[in-house]
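What follows is a pair of complexes built around subunit A, which joins subunit B in one and subunit C in the other.
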Partner chain A sequence: MLVWSRGGRVLLWTIFALVFVPVVLAPLAVLVLAAFAADWNGVLPGAYTGAHFGEALSGEEISSLSVSLQTAFLAGTAAVLTGTWGALAVRAAPRALRRIADAVLHLPVAVPSVVVGLGLLTAFSRPPIALNGTMWLVVIAHFVLVLAFAYSTVSAALDRTDPAFALVAGSLGASPWRVLWRVRVPMLLPSIAAAASLSLALSMGEVGATIMVYPASWRPLSVTVFTLTDRGRVFLASAETVVLLVVTVVILAGLAVATRRGAAKQR
Partner chain B sequence: MTAIGLSDVTVHYGRTEALSRFSLDVAVGETVALLGPSGSGKSTALKAVAGFLRPTSGTIRLDGRDVTALPPHRRGVGVVVQQYALFPHMKVAENVAFGLAGIPRAQRKERVAEVLAMVGMSAYAARRPRELSGGQQQRVAIARALANRPRVLLLDEPLSALDAALRADMLGELQRLKRELPETAILYVTHDQGEALALADRIAVMKDARLVDEAATAELYHRPPSAFTASFLGAANLIPGSIVDGRVAVGDGAGYVCVRPHAVGVAAPGSGLAATVTGVQWRGATYRVTLALSDVEAEVRADVASLDGLPGVGEPASVVLPATGLTVVPRD
Partner chain C sequence: MTRRAWWLAPPLLLVAGFFLYPLYFVVRESLTGDAWSRVASSGRFLDALGTTVMVSLAATAGCVVLGTFLALVLAFTPFPGAGLVTRLVDTLLAFPSFLIALAFTFLYGSAGIVNAAAGREVMGGFLYSPWCVIAAEITFYTPFVMRPLLASFKHFPREQLDVAASLGARPWRVFRRVVLPEAWPALGAGASLTLLLTLNEFGIVLFIGAKDVETLPMLVHSFGVVTFDLPAACVVAVIEVALSLSLYAVYRRAFGGGR
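Up next, the complex of A and B:
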């Protein structure tokens, strides 16, 4: 604790609560209430029902969730693999190339998702590579958007790793490949898991680029929520949102537990 | 037979010259200490031998074979680095076995047990590096480096991460290991003269990316060829002057008279070189008395067993130099 006086701490918590409650907690609470609301005319819903969740977990809606999960898995895996490779490769490159490659891999952070969407749409809507109307355009958009985050997560961990580990492994007779698989990658696993979590969370919530490129056959849950809201079906949209939130949190928690088990093994 | 040979090795980090035309030979079974202050290039020289960096120019030979362009995994040298770099995701035994990938399983197991016993770590084979103390990690790092019987062992400040008591213990261990490995050439990088004196057959003193002096340990200690070596190895007093007919002529000539603090005596005024006591530090077994000479601008440090009858701080005194064992070094 940096604040020592009791009064100071009370003040800090009060300010925190004043910001946190209306900005983060209240909208979430309203969302959950709305997900269960049969009608809502007063301050609180007039009656409650589980019907929205029934609808959210059936038919077209549940397949939308499955699309979200598949997209996140495909794009996330590709981004983590590419990001890890990039972080390792950039360090072996000559200095000038290293700077450029680092900048290029960080670039998608600065590019608005709408630009990514439009770019992919115009680039791949005509032969030789016509991906327009396929799921791949959605996956590629997500891949591009999360790659920079995956890259910088692994890259930051590599910066903190003493190069002596790899050098000593080499001096023990291990080829660069063996050093990579037996020493460097295992030591990076916690950050690779963190990169996977981040990629997954970002992909599950992505709307901006997705909405420009998704085909009718491949509609992620985030887009479904958006279109439902657009059509005024706020209660169902709320239920969908809660489903999206719960699924994402459960997967992230699972990844975190797995990572901690892995790290505990190393201790 | 030369186990390690560096000739005219120059290393640049960017535009900085970290090692400048450095030449050194280490014979089979010999231990050579690279001694110098931080930034003197001693670690750079070791890394060049290990293949951790590529020299700008010069040649590195191991057992007569030119390895200058070879990567570390083709050199077959054992390396122990300052922070040990034990692989955190592997148990102690797995760490030690890492360098034994090429040999059959049963033999590998046997060899791991053998080297762990050699460093007294047999009981810790199933532990993770994080469960070990600094000294234990150090032993494992040495066992790992020795596992595939390298003919060359490189030790980069291996004791610097340990506390003083442990350092003395490990120094004894290293002396024992050295006796057990009569065929292994050891290059030992340190900034600590005590470690160099205790372990090395020869010492190479380095400063500003260059080799300053290199000679057999006792020779270098007793007859230092330069002022830098004299003060770095044994913290010698450097008194401007010369020796004329066996007597010290202070302020005379172009050299320094070089004398170790333990050989200097302090007495009441009138019996030696006139001086003033400027400070006294109690060091347990001895007192370190610092004095300023009156006739020439120089500070003299003397280690004396007792302060009885000696002048106090600020009082005039005399510095008594021994009649033998004095050397003169040229001024830098």
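Up next, the complex of A and C:
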């Protein structure tokens, strides 16, 4: 307890509420209201409608959502596999190489996403590998951007796990493969699930690299939201954003439940 | 080279092929023609550089003040529902940044809620000023400062606070002399990560769409896919990467990663 007097605490909580409500809660609330607003000229919307959601869940808009989900799935799966592989391999490498590899795998975090997009655009718009105008540039961009986060999530968990389990299994005669598959990977499962959740969330909301490389035939939801905002269709854009958030949160919750069930089964 | 080192080859090759190789092309493309002198002498670039640094420093400062305050209250003077608030903040980390920008247009735009509530034009040109970008970035990035702080406060021995208070120290003094020295590494890590991320922020600036607030990532986008001046875009990108990487090097040196 930092503040002991009742009055002091109440004052502190009041300031907390005065900061927290407008800064964190208001933007979220406003977005949801806008998604249901038929018109909005006063403090609150004049009338409410579900039409924006109807539009957000049909035609071009729903295919944009599907593009986002497919991109997030492809890029996320690849990034989680590569990141986990990298985290395990870094620890087996000699010390000097370990430092360099760790830095290289973290590197994309430090580079602006727009630059990642620009790089892919410049490098893969000409032979020998011309990928411009295909969905692959978008998937690769997302892969690069989420890989560093997936790697550092699994890597941090590896730092915290007790190496004794793997050593004991090995000393009892289990082959390295068996130790990896039956001891080390199962112990990492929660962090792998966390890496998958993070990858999915980041990929669903990615704008910077995507807007540089997306072709007309593969337009993720985040870019669609921007196009709508740019054209002044802000209510539909809000509905799309709410759809994006809800879909993301539902998948994350599903992943969390699946991980908990998996962990319970192992016991 | 041991055989086990070869296991590193697949992930490193993927990063090399999809990240380092494209970066090499950015550098090469930037060297075509007179792109460097063209960009360096244009006022637009210098303006963008100034705006980027100013916005990111101001946003980071705001995040540090706000994040420290919110984390302190949540950790040391908890109230019913504090756990829920913490979880909400964690969820916010997973949301896209443009959400804040979109919400800001409803809140602070010329036909926004604040103007409507006041009954007259009180927000002025706020929505299209650098202040709005700074405010939006503070809103979005404050959790990045809060999270490491909350994690470090969790292991903080409560007895120290109680002893300090029982010896007569005022809350402010306890904070400055007992809590702050312990929280320093977490605060530093959160602040430098925020500085790096705000320097690279694109979504918020793009969605607010203020014509007078052009940051370096916006300039890359504008040269790259709006006016199709690829060499100029690459010059700005090279400068941006140099800026971000030097900051990142300082961050890694100061806060671990040296395994």
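By definition in this document, the second predicted complex is superposed on the first by the 248 of 267 C-alpha atoms of A that agree within 3 Å, B and C clash if a C-alpha of one lies under 4 Å from a C-alpha of the other, contacts with A are read in each partner's own complex, and residues count from 1 in each chain.
Going forward, contacts are C-beta pairs under 8 Å (C-beta built on N, C-alpha and C of every residue); 3 or more make two chains touch, one makes a residue touch a chain.
Bear in mind the structure is a predicted one, so any value in this text is a computation, not a measurement.
Visitor: When both complexes are superposed, which of subunit B and subunit C contacts more residues belonging to subunit A?
Guide: C
Visitor: Quick check on the superposed pair: does A:Ala164 touch subunit B, subunit C, both, or neither? Answer first, second, both or neither.
Guide: first
Visitor: Based on the superposed arrangement, let me know which partner A:Arg182 touches: subunit B (first), subunit C (second), both, or neither?
Guide: first
Visitor: When the two structures are overlaid on chain A, which partner does A:Met212 contact: first (subunit B), second (subunit C), both, or neither?
Guide: The second partner, subunit C, only.
Visitor: Examine A:Ile140 and indicate which partner it touches, taking first as subunit B and second as subunit C; both and neither are also allowed.
Guide: second
Visitor: Can A:Val243 be said to touch subunit B (first), subunit C (second), both, or neither?
Guide: In the superposed model, A:Val243 contacts neither subunit B nor subunit C.
Visitor: Of the partners subunit B and subunit C, which touch A:Pro108 in the superposed model: first, second, both, neither?
Guide: So A:Pro108 only meets subunit C here.
Visitor: After lining up the shared chain so the two structures overlap, which partner does A:Leu172 touch, if you call subunit B first and subunit C second: first, second, both or neither?
Guide: So A:Leu172 only meets subunit B here.
Visitor: Following superposition on chain A, which residues of subunit A contact subunit B and also contact subunit C?
Guide: Shared contact residues on subunit A (touching subunit B in one complex, subunit C in the other): none at all.
Visitor: Quick one: in the complex, what on subunit A touches subunit B?
Guide: 162, 164-165, 167-176, 178-179, 182-183, 186-187, 189, 265-267
Visitor: Quick one: which bits of subunit A touch subunit C in the complex? Just the residue numbers, please.
Guide: Subunit A reaches subunit C through residues 1-4, 8-9, 12-13, 15-16, 19-20, 23-24, 26-28, 30-31, 33-34, 40-43, 82-83, 85-86, 88-90, 92-94, 97-99, 101-124, 140, 143-144, 147, 151, 197-198, 201-202, 204-208, 211-212, 222, 225-226, 229-230, 234, 237-238, 241, 244-245, 248-249, 252.
Visitor: Residue numbers of subunit B touching subunit A in their complex, please.
Guide: Per the stated touch rule, the residues are 50-52, 71-73, 75-79, 81-83, 85, 87-89, 98-99, 101-102, 128, 130-131, 144-145, 147-148.
Visitor: Subunit A touches which residues of subunit C in the complex?
Guide: These residues of subunit C touch subunit A: 1-2, 4-5, 7-8, 10-12, 14-16, 18-26, 29, 66, 69-70, 72-73, 76-77, 79, 85, 88-89, 91-92, 94-100, 102-107, 111, 113, 116-117, 138-139, 142, 158, 161-162, 165, 171, 174-175, 179, 196, 199-200, 202-203, 206-207, 209, 216-217, 220-221, 224-225, 230, 233-234, 237, 240-241, 244-245, 247-248, 252, 257-259.
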